Amino acid sequence: MSEFLNLLAAGLTSGAIYGIFGACLAVWFRVCNVLNLAVGDFAMLGAIGTARLVQTDHLPFAAGVLVVLAAVGLIAWIFDRIVLHIAFDRGSGAHGIVGVFFYTFGLSLILEGAARAVFGTDPYSAPAIWPGPALAIADFHVQRAGVLVFALAVVSGLILWAYLRFTVSGRAASACGESVTGSRIVGIDSALFRRRIFIVTAALAALFGIVESPLTGFTYLSGPTISLIGVVAAGFAAFRKPGRAVVAGLAIGVAEAMLGGYVSTTYNDVLLYAVLFGIIILRPEVLGLSAEPA
Amino acid sequence: MSEPAAADRGTIDSSAATGPAAAAASSAGPPAAPGPAARHVRRRDPVPLAATVAITVLGGLVLTALNGSYLGLTVTTGVAYAVVTVGMVLQLGYSRQLAFSQSVFMGVGAYGTGVLETKYGFSSLESLLAVIALAAVASLLMGAVVTRAPGLALALATLLLPLFVYQLAADSGWLGSFSGIDGVLPFWNGPDYESTLVRSGIISVLLLGLAAGLVLRVMRSGVGLQLMAMASDERLGESIGVSLRQRRLEVFVLGSVLAAVGGAVLVSAQGLVTPDVLSETSEITLLLMLFVAGRKSVIGAILGAIVIEYLTTSTSFISTNIGIIEGIALLVILLVEPDGVAGAVARLLGRRTDRWADSLRSWSAGRFRAGGGGDGARNAA
Amino acid sequence: MPSGGAALEVDGVSVSYGKFVAVESVTFSVGAGECVAVIGPNGHGKSSLVTAIAGLVRRGGTVRVFGEALPVGNPRAAVLAGLVLVPERRHLYPELTTRDNIMLGSYSRTRRLRARQAWDDVSGVIDMFPELGRLLDQKAGTLSGGQQQMVALARAMAAAPRILLLDEPCLGLAEAVARRVYDWLREMTATDMTILLVEENPAHAILVADRVVRMYKGLVGRPEVTSP
Amino acid sequence: MRETPPEATAAGGSGTAPGTLSAPLVLACYDVTKSYGGVVAVDSVSLEVPPRGLFGLCGFNGAGKSTLFNLLAGSVRADSGTVLIDGQDATGWSAMRRARSGVARTWQTVRLAHGRTAVDNVAAACLRDPGQWIVGSLWRPQAAAARERAWAALESLGISDLGARLVDGMTLEAQRLTELARALVSEPKVLLADEPASGLSAAQRTVLADALTAVSQDRAVVVVEHDLDMLTSVSEHIWAMVEGRLAYSGDVETFRSSPVYAGLRGIEQA
C-alpha cells in the first residue's frame, strides 16, 4: 500500500510537470494554432539560469528568479516581434502544418545552442524554494519540491481554465485562433494576444523549471523531452484545453511511475511511450482532432 | 465550416488575384472551336536517369579526388544522410506526410547491417539486400497501422518513436547497449584504408544516385500527380480516384526503405553502429537538412545533407555552435523562402518565365477593356 | 455635400497588393443616416475598399469618421469610432457558441469584464434576431448559412455602431434568406444608422440604397442618385 | 413538409429527354438519411439520375444539398439508405471507388493544388490506371499520356491558353473552369457540381452555364445553385430540398408554379 502511495506521489509530481507544459502549449495553440516546441527549453533556461545566478553570481534567490523570468519574457518577446510577426502579421513565410511545428522548433534549437555556449554541458539545479528533507507520514515519503510542483500545476491550470472560461478577454483569445479577420473586425488585436500569452506561458514554464529542478536537475538538452511529452499531454486535450491537458499530464505521469514500480524499472519509459503511441495510432479520436465535418 | 487564418488570407489573395486578368477565358467562351492539336507533351522523361548518372559520376570524381582523406569520410557520411533526405523529399516535402520516423528506420538499416554482418556472417551486399527487405516488411507492417491516423496524429505518434526506440537499443545488451556494434564491413574492400574509403564511397554515391533517380521518377510520374493532388487536399484526391490508403502506405514504405539504405551506407562508412543514429537529435538533424536546403528539391536535399554534415564536423566554432546556426538558418529559411535555398534558386531562374506571364496578363487585360465590362446589371430579378 | 454633415469621408484611399493596385485614390462621402451602396463587378476593388476603410488592410489616403481621421492599420480605432464591418463570408468563430460570437462584438468596450457581464450588456441585440434566441448555446460553425449571417449582423450590432459597413451580406445565401437580410437592412435605414453597402448585384442594392457608387477597375465612377 | 414518395421521383422529369427512360439510371439513391449530432441533415431522400441531361438541385442554405452530394459522391457515409451507381449497389463504396466508377464532382469552394499548373491539376485526375502501384510508375510513368488528355480537356473548355500557368494567379472563373476540366477529363458518367458559379459575375455565370449545358449532351450533370433564374433556364428537371427532405421533383414549368418555388423566392413575404 505504501509502495503504491509513494509511486502515486512520484507519478503525480512528474505528471504535474507534463500537465503544466501541456497546458502552456494548449492555451497558446488555441490563440494562434502554433505548437510551442520551445516550452521545455524555457523551463531549462529558468532552472539553469537561476542556478547560475544564485550559485555562481551569489544573487539573492528571489532576485535571481525575477531576473531569469524577465530574461525569458524578453526572449519570448523578441522572438514574437521578429519571427512570429513576420510569419503571421505580415503573412509571409511558411504556413500550414509546417508552421505549426517548425518556427518554435527553430527557437528551441537556438535556445539549446545558446545554453550550451553560455552554461556548458553540466547539469544544474536551482536552489530549493522549500528546503528540507522529504515529508514523511509512516512509510509514505514525498519530496517538498514535488508538493510545490503539484500545487503550482493545479493552481495555474485552474487559473488558465478560468481565464478562458469566465472572462471576455479569454473568449477573445479563443476567437483569435478561430478567425484572425473575424477577431480583428471587432477590435481584438490578435497579435497582442499571441504575444502576451506566449510571454506568459514562457515565463510560467521557466518558473516550473525553477521549482522542479531540485528534483531532477537540468542540462542544456533537457528541453526537447519535456516539450515532447507536453505536446502529447496537450494532444490528449485536443491541443486547445489547458485544464484537460493538466489532467492528461497527471495521468501520463502516474502511468509512468506505476509501470516503473510494478512492471520494469529499465523499460518503463519504453513501455509508456509505446502505450501512448498505440493510443494515438489506434484511437486518434482521443486526441479530440475530430474528423473533418461535411 | 472552420475557416481560420488560412481562409482569411484566401479572401485577400483572391481579391488581389482577380481583376485585370479577368478574362482570357470568358472571351473564349466554351465550347470553343477545336484549335490546334493538344500541346506537344514529351513522352520520354530523361531527367531521373540523367540525375542518377550525374550524381554517381560527379560524386565518384569528388571522392576519388579527396582520396580517402578525413573530408572524404565526411562527404560519405553526408551521402548517407542524403539518401535519407532524398526519401524525405518524397515523403515530407512532396506528399506532405508529416512522419518523423526516418531516424528509426535509419536505425533499422544500421543495426540490421551490423547484426547481420557481425553475428551471422553476411557479406555487405547480402546484408544491404536483407536490410532493404527487412525495412520494407517492417515499414509495411507499421505503415499499415500508422498511416491510418490523420495528419497531426501521425506526426505526434511518430514523434514518440525515436524516444522509445532509442532507449530500447541503448538498454539492449544484444545490440551492444551504448557502445553499439563494432566491425561493420565496408561496401567494397581495398588494399588500404584510403582506397577502401574511396571504393565504398563510390558505391554509396551510386546508391544515392539510384535513390534520387527513383524519387524523381516517382514525383514526375502519373502517381506523382496523384500525390500532388492528395498532398494539397485529401478529399480532393479521393474525389478524383486516388486511393489515399494505398498512396500513404506506399510513400511511407518508400521513405522508410530509403532511410534504411541510408543507415546501411552510414555504418559501412563508419565501421560501427551506435544508438546515436536512433536518437531525436538524429531526426532533428535530418529535418534540418531537408528544410534548410528545400523540402521539395532532390538536389537541395542532397546538398543540404552534405553541407550540414560538413559544417557539423568541421571547424570547432561552427560545430560547437551548430545548434544556434541551424536554428537561425531554419527560421530565416522558413520566413524568407519556405521552399528552402533550392526554392530561392528556382525562383531566381523563374524570373524570366514570370516576365512572360506578365506580358500575357497585360495582353488579356487589353482584350478585356476592348470587350467592355459593366454588364453586371443584367441579372436584375 | 457639406463636410460637416458627413458621417464617413473617404479621401483619396488607395490599396495595393505588391504591384497590383486594387483601389486607386477613391474619394466619396456618406452623410449621417444615409445608405450608400458600392456596386461593380467582382474583382474591381469593392471588398478591398471596405476592408481598407475598416483598417484591416494597409491603405493610402484618409478616412474620417464624423470629422475625425482614423489611424491606418488599426481596426480597433475604427470600432471605437463607431465604424463596424460585417465582412464578406462572415468570419465567425466556428468553435465558439452563438452567444460568445455575438458577445465578442462588444469586445472593444467590454474587454475587461467577465463574460457574463458582457453578455448582459449586449443581449438586447437578440431582440432584433429572434430566431437566434434558441441557438445561443450552439456552436456557430454548426449553424446554417443564413443563421450565420444573422449572427454576423448581431455581432456587428453588439459593437453599438454608428456606421455599418456590409460586404456582400447575401453572398451564397438563398433568395428568401437574402430577402430577410434586406428586410432587416431596410429597417436599419429607417433609423439614424449610416450604412455603406458593398453589393455585386445592383438590383439588390437599389432596394435599400439612397445612392450608388460604382467601382470599376479600382476607380470610382460618377456617383449616381437613385430614387429609393 | 410534402414528402414525395420514391416512385413519384423516378425519372419523372426525364420525359423531356426521350429515349433515356429505358436506359439504366446512372446514379440513384433511395431513402438515404444522414444526421450530425441529432440534427438531421438529409432525411430519407430518394432520387434517380438518368444518363443524360442537366438537372438542378436547389434549396436554402443548410437544406442538405451539399450533404446529399457528399453522400452520393461517397465522402460521407449515409446512416441508412442505398446508393446505386450504374445499377450496382454502391452504398459501401469509398469516394475513391465511386470516382473511379464515373462519379465526378466539384465543390462550393475551389479545390486546386497550388503551386502547380492547370494542366497538372487536370492531369492528376485522368490516369489510365489510377490504382497503379508506386513501383509500377518507375517503368510506366503515365504522366505524359495524362497531360495530353488534360490539354485536350482544357482545349474543349476553351482555356488551353491557361494550361501552362500556375493555378494560384488565375482568376476565380479560370479556376472554376479548370476544376470543371478536371472533373470532366476522366469522362465521368455523372458530374455533381456544387455551386459552380458561386462568386462569379453575371457574365461569367453565363459562360459557365453554357459550358455545363454543352457537357450535359452526353452525360448527366447535377447542379446545385442558388440563382433560380439560371437554374430554371438551363435544367430540364429540378429537385428542391427543404430541411433535409426532397420537397419537389419534377420539370421546370411545374416547378415555377409550385409552392416550393414561391418559398425559395420568398414571394409570400413580399
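Each chain carries a letter (A, B, C and D) given by its place in the written order, and its residues are counted from 1.
One rule holds in what follows: a contact is a pair of C-beta atoms (placed from the backbone, for glycine too) under 8 Å apart; a residue touches a chain by one contact, two chains touch by 3 or more.
Here the structure is a predicted model, which means the values were calculated and not measured.
Set against the C-alpha centre of subunit C, every other chain centre is closer than that of B.
With centres taken as mean CA coordinates, the chain nearest to the overall protein centre is B. When the interfaces A-B and C-D are ranked by C-beta pairs in contact, the top one is A-B. Rounded to whole angstrom units, the spacing between the C-alpha centres of subunit A and subunit D is 48. With centres taken as mean Cα positions, subunit D sits 34 Å from subunit C.
Contact with two or more other chains is made by residues 36, 75, 171-172, 201, 204 of subunit D.
Residue positions of subunit C touching 2 or more other chains: 41-43, 87, 91, 94-95, 141-142, 175, 200. Residue positions 1-3, 7-8, 11, 18-19, 22, 235, 373, 376, 379, 381 of subunit B each touch two or more of the other chains. Of all residues in subunit D, only 36-37, 39, 58-63, 108, 171-172, 195, 198-201, 204, 226, 228, 263-266, 269-270 touch subunit C in the complex they form. Across the complex, subunit A is touched by residues 54, 56, 75-76, 78-80, 84-85, 87, 90-96, 100, 103-108, 110-116, 118, 141, 155, 159 of subunit C. The touching residues of subunit D, when paired with subunit B in their complex, are 73-75, 94-96, 99-100, 104-105, 107, 111-114, 116, 119-121, 123-125, 127, 130-134, 136-138, 141-148, 151-152, 155-165, 168-174, 177, 182, 186, 201-205, 207, 210-211, 214, 227, 229.
Those residues of subunit A lying in contact with subunit C across their complex are 165-172, 174-175, 178-179, 181-189, 293.
Across the complex, subunit B is touched by residues 33, 83, 86-88, 91-103, 105-114, 116-117, 177-182, 224-225, 228, 231-232, 235, 239, 266-267, 269-270, 272-274, 276-277, 280-282, 284, 287, 289, 291-293 of subunit A.
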